[in-house]
Structure formats: structure tokens, C-alpha cells
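Dropping the structures in below, format is C-alpha cells.
Shared between the two complexes below is subunit A, which has subunit B as its partner in the first and subunit C in the second.
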Partner chain A sequence: METARSLSLKSVTKSYLPGQNAVEAIDLDVAPGEFISFLGPSGSGKTTTLMMIAGFARPTRGEISIAGRQIDAVEPYDRNIGMVFQNYALFPHMNAAQNVGFPLRMRGVAKVPAQAKVKAALAMVGLAEYAGRAPAELSGGQQQRVALARALVFQPDLVLLDEPLGALDKTLREQMQMELKRIHRELGVTMVYVTHDQTEAMAMSDRIAVFNRGRIEQIGTPSEVYFTPKTRFVASFVGDSNLLSGKTREGGLVDVAGVGPIATSAGHVPPGKDVSILVRPETIRISSERAELSPWRNSITVEEIVNYGDSVLVLGRKAGQELRVRVPSMEMPDLRRGDECGIEWAPTRIHVIEH
Partner chain B sequence: MALDLTLSRSAQGRAWSAAGWASALIRPPFLLYAPASLFLAVFFLAPLGLVIWMSVSEPTVGFDNYAEFFASKYDLNVLARTFQTALIVTITSLVFAYPVAYVAARKGGAVGSFLLGIVALSFWTSFLVRTYAWMVILGARGPVVGLLVALGVNPPPRLLFTTFAATFAMAHMLVPFMVLALYAVMKRIDEVYMRAAASLGARPLKAFLTVYLPQSLPGVLNGATLVFITCLGFYVTPTLIGSPQDKMIAGRIGQQIEQLLEFGAASATSMVLLAAAVALFVIYDRLFGIEKMWR
Partner chain C sequence: MSRSTVIIAVIVAILLAGPMFIVVPMSFSTAPSLEFPPPGYWLGYYRRFFSDPNWTGPVLNSFLIGLGTMVLAMLLGAPASFALVRYRFRLRALFRLIVMMPLIVPHIVMALGYYSYFGSLGLVQSMTGVILAHACLSIPVVVLTLTSALVNFDRRLENAAANLGARPLTTFRLVTFPILRPAFFVAALFAFIHSFDEAVIAIFISGRDSATLPRQMFNSFQMEADPAISAASSLLLAAVLAALGAQFAARLVRKQRPAHS
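This part shows the complex of A and B:
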């Protein structure tokens, strides 16, 4: 396979209206062969950024380069970037093989080698038998695979994927996630993946860039973003969370109104500061007996129990503070609504977000 | 269609009987289309039947009128010229309409509305009014001739009462039909296809030719059929500003009725025109399967 390319964005800004930036000062370095996700709610600027990389939108300021070569003046059709669109965008008047062969045709690849490449690309996505089918005769998942094959067949420097699995149902989506991972591993091509689905971003990415209001709030590996978010937004957008406001004391203790001092991992934060603490619901252990109050133990009153099959979500309350606890089904003690129960956490798992 | 449904349902329910028939006929679907059916029967089918009858009974019973039509070099010439003119008009209006519809469909917004507004305005102006407008524009003292004279073309060519004038004016009059037929299809072509084409390495012209144009073909077909069939029966414009020597078939029918008083021959000519239009319509209907293939 070809050598993968790096991608770099330097203070890229896009404003459609003067004074209002849709995307503001994005700095990003993507390593060759990396799988990076742009994660964020709609309107957070992730798609705009992707469109600027693809060349369909021009940055108002800033620079975009691929493998060190600045591409801002390069037209989309000369960028050699493969793109998979949200609704596949397969050409309805061409069959699967013609769709996949299209980028080769545009590049003037001779017929025989082009046919071989199309065949290989369709085989890679498991659709060797479907070459002659029109898009309308393919299922959503199959169309998505054809779109993927079409974006990969010409050995692009970079592959952009714009919420490619959004239209598929859950089972198919998970299956396609695995496929995409496999293809990424096999080809080693640099991929940028836009999604608003945090589990998808977690499952697939080497790194995640979390977008909010036109800025990147954090770039990091899935576990960095999940366990040590830099902002309250990242903490609440990625995964389920308990976000409590409090004030630091000595020794990593944080005073939370009504709950008491909580032991955290933040020994380095000077006392007297307002902070947020993040407690992931699945890092809390639960027991049916009331616990003795301490910085790593507390009690809650159970308000609601939601059974997901594999796990149980317990919604509890402690003095006006709502707490979510997620317990593997097998470890769920016998609890009912209104019961008081003990909770316990490991201070190292409790992350402090400085304001 | 609705009648078929009612009948099959009543046939399932009880025995096939006169009572079943009667009840099927007075059910709401029939009542809904009864007024239109009645109107068409009285004011379209009956006169049409009369024309068919005249074509085989005036002045003598038999197919003499048809035989004469197909034996007459003059009439066959008229028929051929009509088809040729319709083809030229269709192509001309397509050439004018395609860019307009393309810009209106892809730009949308103010530009699109403006273009469609102009098209609609000319669509709503009667053929007769527009024909008279062309008489003024192309007339011996009109602005076009004036301009040619000013440019030193002396003596200026005659524009009015020529086949060129009629063809050009008909194309102008049918452009709105073509634009609307094209626009309806183009509006449904998602912008994302052109983006996809660009991302795959297609330059704009290539993307248009390989991705946009093929998807707009159903509109081209639709518009072309509409314009062609309308043009076949065009009477006002070729009669008023066309060359009297180069008659089209509708003008020929008018001549047979008004000047020659050959009602039988005129009826036969009308039937030939009708048959041609129906044949084209059948072909159009077949070809429109193409659209289903893509969607």
C-alpha cells in the first residue's frame, strides 16, 4: 500500500457572516495512517472543518496541508481525497462497479487495470458478487460499502467520512464499524471521521477531536477524552457522567455542597479553587448496606432503577445532588426505589476539571 | 383504474351480477370522476367520432380521403415538414431551456426565482399575443430590420412570413414548457452528486457530462416529447408569421376547411395528425421506464 499522509490544520477559521465564526482557530495535526474522529453536536463546526479539508469550503483564515504541502489553493478535484458522504451519494445511473470505477475513469486509468482495481475494491468490502447491481438494488449497508470502495479505490492521500453510518440501524452500524476498522488497518490510510455519536468515536478512533461551538475543546485518545476530559462540555458530551461542582481542599479533597468532602485524583490543585469533578457512573460501586460517610464512601436514596439488560442504571439522590450509578447486572444488589444504599469509589478514578 | 378496483372488490364480495355492477357504478369513486367523464364524452369523444366518421364518409363512404392523402406528394411534404419543423423547434428550445433550467435548479434562491418568474410570465402570455409581438419585432419596420439596416445590411432580408420566423417564434413559445419539464427533474438531482464527483477527481465539465447530464435525461425526454407533440399541431404561429408556401399540417387542415371546403379530406388529415401524436405519446410512455430504472 502507498505511504500514508499527514494532515495539518493551522489556525483554520471559517466565518460565513462577519463577526460570527462557524469554525474558530482550529489547530490539528493528524499523523500518517491515523484514524481521527471529529466528535461534536450539530452546528459545532465539525462538518464545516471536514468540508474545508475536502475543498468544498474555503477557510477565511488559516492553512491546511497534506503531507506538508499546503492545499488551500487546490481545487477539490485535484486534492486526491476520498470522501464518503452521509447518504452515500452513489450515482444512481451507474451500477456498483461503474461507481467504484468512476474515480479511476476520471484519472484516465486504462480499462484493464481499472477493472482489476474495481474488482479488488469491491472484494475488499465484501461485494464482489454485486458489481452489476444498481444502487437502488442494494441495501443501505451495501450502498455504504460501495461508497467506501469508491472512496478508496484510487489510493487517496486521505479519506474523509461524513457521518457515514448515520442512516444505518444499530446492528448494521456496529458491524460496519468493525469493517471500517479492519479496512483502515489493512490499508493504513489516514482517515478523518465525522460523527455525533460518541460511542462510535470511542470504538473506532486512535484520537478524538471534540468540537463545540466552532472550536476543538480537546484532542486525545478515547480514554483520555473519556476519563480525563479538559472541560465540562467534553465530560458531559462523551459518555454518561456525574458532574459535581465543588471547592478544593488540601490533599485532593473536594467539598461538594450537601455531599461532603470527596477524595479525588487532583492532589496538585491548590486549595480554595472552584472546580467540577467528574465521576463516571460505572466507576461507582454500590452496596445494599448504608455506608459510613468518608471521602470515598457515601449513601444515596434510590429514585429510579433502569434495567438495560447488560447493566443497571441506578438514579440516586444525596441532598439535592443527583447521582447516576451504573452497575453490571450480575453485581446489582437487591434494591428498590426509596431504599437507601451505600456507594463507594476509587479516588484515582475521580477526575477534577479546573475552571 | 378506480372503476376496476371497485369492480374487483364487489366481485370478491358477492356473485357477479347486475346488482353488483349497478352498486359499483354509483359508489363514490365513480361519482367523483363522472362529471369529467361526461364532459369529455359530450365535448371530446363525440366530436372526435364525428371527425372520424367524416373522414371516411365525405364525400363518399370509404378510405378515399386517406388514400388521397398518402398519394399526394403535397400532403406528404406537409407532413414531413411538420415533423422536421417540430424537431428543429424541439432542439432549439432545448438548447435555450437547458441552461435556464440548470441555473434555476442549481442556484435556487433569488436567481432561481427570478428565472422561473420570467419563464412563468411568458408561459401565461397567450400564444396569439406573443405571435403578434413577433410580427412587430420581425416586421419590415421592426427593430430587427432597423438594426440590420443600421449595420449596413442593405437591402435587409425579409424576416416576417418566413419559415425561419415561424420556427424561431414557436421555439420561443415552447421554451417555458421545456424549462418547466427540465426543472422538475433537475430539482430532484441532489447537489451531493456533483460534490461526490468532484471529490472523486471529476473537473466541473466532466462532472456535468458524466453525472448531471445523464440524471437530467428524463427531463430532456419529457420536455422534448411535450414540445414536439405541441409543435406538431401548432396552428396560430405558422399561419400568422410563417411562409405561406411552407405550411404545417394544422395550417393545411385549416386551408382544406376554410378555402377548399374539403371536410372529408380535412378530417382525414386531422386523423393522421392525431395518429402521429398518439404514436409519439406511446413511445414516450415506453421510454419513461428509464426514469424508474434510476430511482
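This part shows the complex of A and C:
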């Protein structure tokens, strides 16, 4: 779509109280048409950043631009940004069509073309037949769709979504994720999506910005963030993880206390450094026989087995170090609590985080 | 509910509603003076009430003063409510206390104050004086009604409107006000009723030409015990009940067909 715009934040800082920054020196460049997620726990600054882009909060320092034009002095009502609010924020005294038509009315779009656009927008979200319904007469998922149609109907430069699926149940949430992706693909509009749900961010985004304590810890594609996190926080917040502390040796080996040397992908790290290594639980293979100790093999004592249906999580222990192993159900060997079993990993899958 | 609770409830109900059951039948009485129970029933008092300018004049005055009070109390009370709910400013608690004061200060004390203060301003015995004094009494009622509605108002709706391109005044006109309309309606109604049935201040500062219905009732009762007073009482009661009933009916209608503006 020709309205796709880039978004850029330059050292944006927001402090509500002197000396305490809710958001600190955020630098971010979003390409036209990109779908980017702000992922982080509550209070990490992701919503504050979103509010500054929307214009409801003003940065204490720094600047925000859309398509190269600085917008800090522009009032929210002049920004031409679509937004889907956490609890939809539909106008309760207007029906679905009136809600969707509101931004067109504000822009002085004539009645006939406005009606056509409203109709098209409602059809796009699959609610063509619900135009006359009041928000109170719609289900949560339907309200969500109306809110989405309302945020898209006026061809905004940018669409912001603030935890839009948080209130929906799991099945509906997954369905809406697919639908959002489809709409994003069809319209090609730049979207910024705030969520604390890492699977949602992984499933939908072109890139993810991981927020923690008012800063962006890492920006990258879902697989970059997942497999090569830059910090321990990112490693532990995104996905399930084994994070072990150790010291580097020659040849990419890392000594972990009690476990022994582990072969990793980090040949470039000089020896003698304190590092963390990340082993994703699903990259570990398990067998019922005890393994011969080597830098890519070890053995653990099974402490707990949790069956998720599609996969099984084995919680094991090796000399005070807890290890999580996730095995596809089909490949799960016959193990009980207390058993000792062998584990094996591919050194290329083991990522080293330098401190 | 236990039997004793029921008995207490019935006694309280009788005490509360009792005067109504005496005054209303009395207004339809045939007796030449106030008498209960009435010896017979007719509409004579009402005929007398509506043909006597000593009664119809005050009715009109009460309406005008009530309307004036309503407009003034809303114009002052609504912005005050928004300020109290939405902004944190210095001396906010003191401001709220001052606004609420007329609810606590005895009316007779307020009336005396107004009497001496308005005297020097030449506002005693004028409609303007009564409207000003009644507005002060009604503002706390307006503020109480509007602030409790405003506290529950989701401000994200205003953010959403701004985000969609509405300027602040447009947002108020198209979003905030329509959603809070029931509260505004109730606040205005209460302001009106508060003035319409207020007697103490009206007795002190309304003059002969600006006498309100309650004042005229008081005078009549003292001077001549005109039995038309029972018709006046019943009409006053009916007016207040009708106003409250209208509000209730409006709410029912809204519930049945939501949001077809």
C-alpha cells in the first residue's frame, strides 16, 4: 500500500519523576510496511513508548519521526496514526458502523464514499453483517475486529496495537493472530504491536524489540532473538531456556561448575571470560542410557516429567545445576523419576552470552 | 428476613410515606378547612388553587427559579466536577470541601447569611437573589452526581477519539457528553428539584413578587390556613415524583434499545 511509512525514534527518554526514567534512550528504526513487536514484562516501558508514538505522552528528550517528518509537536488528533486499545475503547453509544466511520467523519469524508469505506473495512474483518450492532451486543472477539477496522479505515501512516488480544481466550487469540497477519500482508501498513506474550511476538513479527526496565535490550528477527539473545534477560524472557554460568576456555569450550566443559558455538570469545551459555530445552536430545561424559554429552538425574501432549518436559539435575529438556512425545524414551539418563547437544546450537 | 426486621421496615415505611397518605386525600376533601379524614371528596381545592393568582403566581416563580438554578448550577458544577476528578491541583481537598459546604451548613444559617449579604447588594426580594442562593445549594448535588459518573468514565475513549482525529471540543460533544448524558440529565433534574421544593431560603429572601410555591404555602398556612395548601402540597409532590419517574422511564427506554443515536 502506498501509505506505508517508516517510523524512527532517536534517543527517546521519558521520565515521570526526576531521576527515574520510565523509558530511557530508545533508538529504533521501523521500515515501511514492517510488523514490529514491543515485547517485555509490564513496567518495561513498552506501553509508554507506544503512548509517545501515539502522542498521548510527550518524550522528555529525544525525537520521534514518521517518514522522516518529526512529529513531537503534532497533537494526537493530527498524527494520522491508527490505534487499537487494550480494551478496544469502542464508543458505546455508537454502533459498529458509526464507530468505524468516526475517523472518516473527523476527516470530513463525504457520506457516500465514507459509507463504502466503512462497509469495506467491516467486510475485511469479517463483520459485514454486524454494522448495526452496538458494541455491547458484540462478543469480545467481534469488538476487537471493529476496533481494528476503525484503526485501519482511514489509511493511517502507522497502526499501533496495545496488547489487543490480551482479553481473548487462547483459541480466539490464535485465530486473531492469523487474521492480523493476513490483514497486515494485504494492506502492507506499518504496524507496531505491544505484547507481553513472547509466543505471540514470535508468531507475528518481522522483528521484535525486547524491552526491559525502560530500555530496548535487543532488536532482531524472531529467530535472532530466540537463538542468539544478547543478554540473559532476553534469553530467559523469550522462550524456555537453560542458562548456565561458566568461564570460557580455548576452542569454544565453556567450563560450567559441576557439569564440566561444554562445547559451544563461541570460538571467537577469548578464554578466561565469565559468560552465560544458553541451551534451549528442545535442542537437547535425551536417551535412556547413561552417556559417556564429553563436551557435547552428559548425564542427568530425572527429577520431574511434565507431559504437554505434543511434547514432554524433563526436569533433570546434574550436580546442583538444573536442566530442562523438551522432547517431542514421539521420541520420549521410557523414563521415570529418579532415573539417570544421557543427554546430548549440538555445539552449534549452544549460544554464548558475553557479560 | 426475620419477622422483627419486617415489622421495623413497615414502621419506617409508614413514617416515611405517611404524610403523603394524609395530604393527598385531604387535597380532594369537601371540608371547608383542613380536616382528616375528609368527610367527602371533590376537586374544589384544585379549582381554587388554579384560579387564584396567589397560588399560580408562585408556581410560575418556582418554575422560573428552578430553571435558572438548574442552568447556573450546571454551568458552575459541571466544570468543577471535571476539575475535581481529572486534575491534581493544590488545595484540591479544600476546594471540594467548599463546594460541598452547602450540604452541611444548616439552611437557616445560609439563609441568614444570604439575607444580610444580599441586602446590601439589593438582591433580597428578587428572583435573581433566590436563583443565586439556590444555585449554591444545588451545586453540591450536581457535583456529587457528575463526579461519581466521571470517576467511572473510561478516559481511553477520549484518547481513542483524539487518535481518530477529534479535537478536544469535538471529543466532548461527540463522545464524553453523549456517554455521560444520563448523569448530566440526573444532575440537572436534581438541581431543579432541589430549588423547586426549597423553603427556608425562599422564605428569607424571596419577596412578594418572587414568592416561590413553598414560601406561599408557608405564608398561607400561617395567615389563613387556606385548605388549597393541601392541593399545593399534592401538586408539589406530584411534580417531584413525575420528574424522578421521567428519569427512571428514560433509563428503561435506553436499556431496551441501546445505541441507536
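By definition in this document, the second predicted complex is superposed on the first by the 353 of 355 C-alpha atoms of A that agree within 3 Å, B and C clash if a C-alpha of one lies under 4 Å from a C-alpha of the other, contacts with A are read in each partner's own complex, and residues count from 1 in each chain.
One rule holds in what follows: a residue touches a chain if its C-beta (ideal position, glycine included) is under 8 Å from a C-beta of that chain, and two chains touch if they have at least 3 such contacts.
It should be emphasised that the depicted structure is a prediction, and the values quoted were computed from it without experimental measurement.
Subunit B and subunit C, once both complexes are superposed via subunit A, clash. Once the two complexes are overlaid on the shared chain, A:S299 sits clear of subunit B and of subunit C alike. Once chain A of one complex is fitted onto chain A of the other, the partner contacts of A:E137 are limited to subunit C, with no touch recorded for subunit B. Touch criterion not met for A:T231: it reaches neither subunit B nor subunit C. In the superposition on chain A, no contact is made by A:S245 with either subunit B or subunit C. When the two complexes are overlaid on their common chain A, residue A:N95 makes contact with subunit C while staying clear of subunit B. When the two complexes are laid over each other on chain A, subunit A has residues 54-56, 75-83, 85, 87, 89, 91-93, 102-103, 106-107, 134, 136, 150, 154 in contact with both subunit B and subunit C.
If you check the complex, the residues on subunit B that touch subunit A are 190, 192-193, 195-204, 206-207, 210-211, 214-215, 293-295. Touching subunit A in their complex are the following residues of subunit C: 154, 156-157, 159-167, 170, 174-175, 178-179, 258-261. Chain contact summary for the complex, subunit A toward subunit C: residues 54-56, 75-83, 85-87, 89-95, 98, 102-103, 106-107, 134-137, 150, 154.
Of all residues in subunit A, those touching subunit B in their complex are 54-56, 75-83, 85, 87, 89, 91-93, 102-103, 105-107, 134, 136, 150-151, 154.
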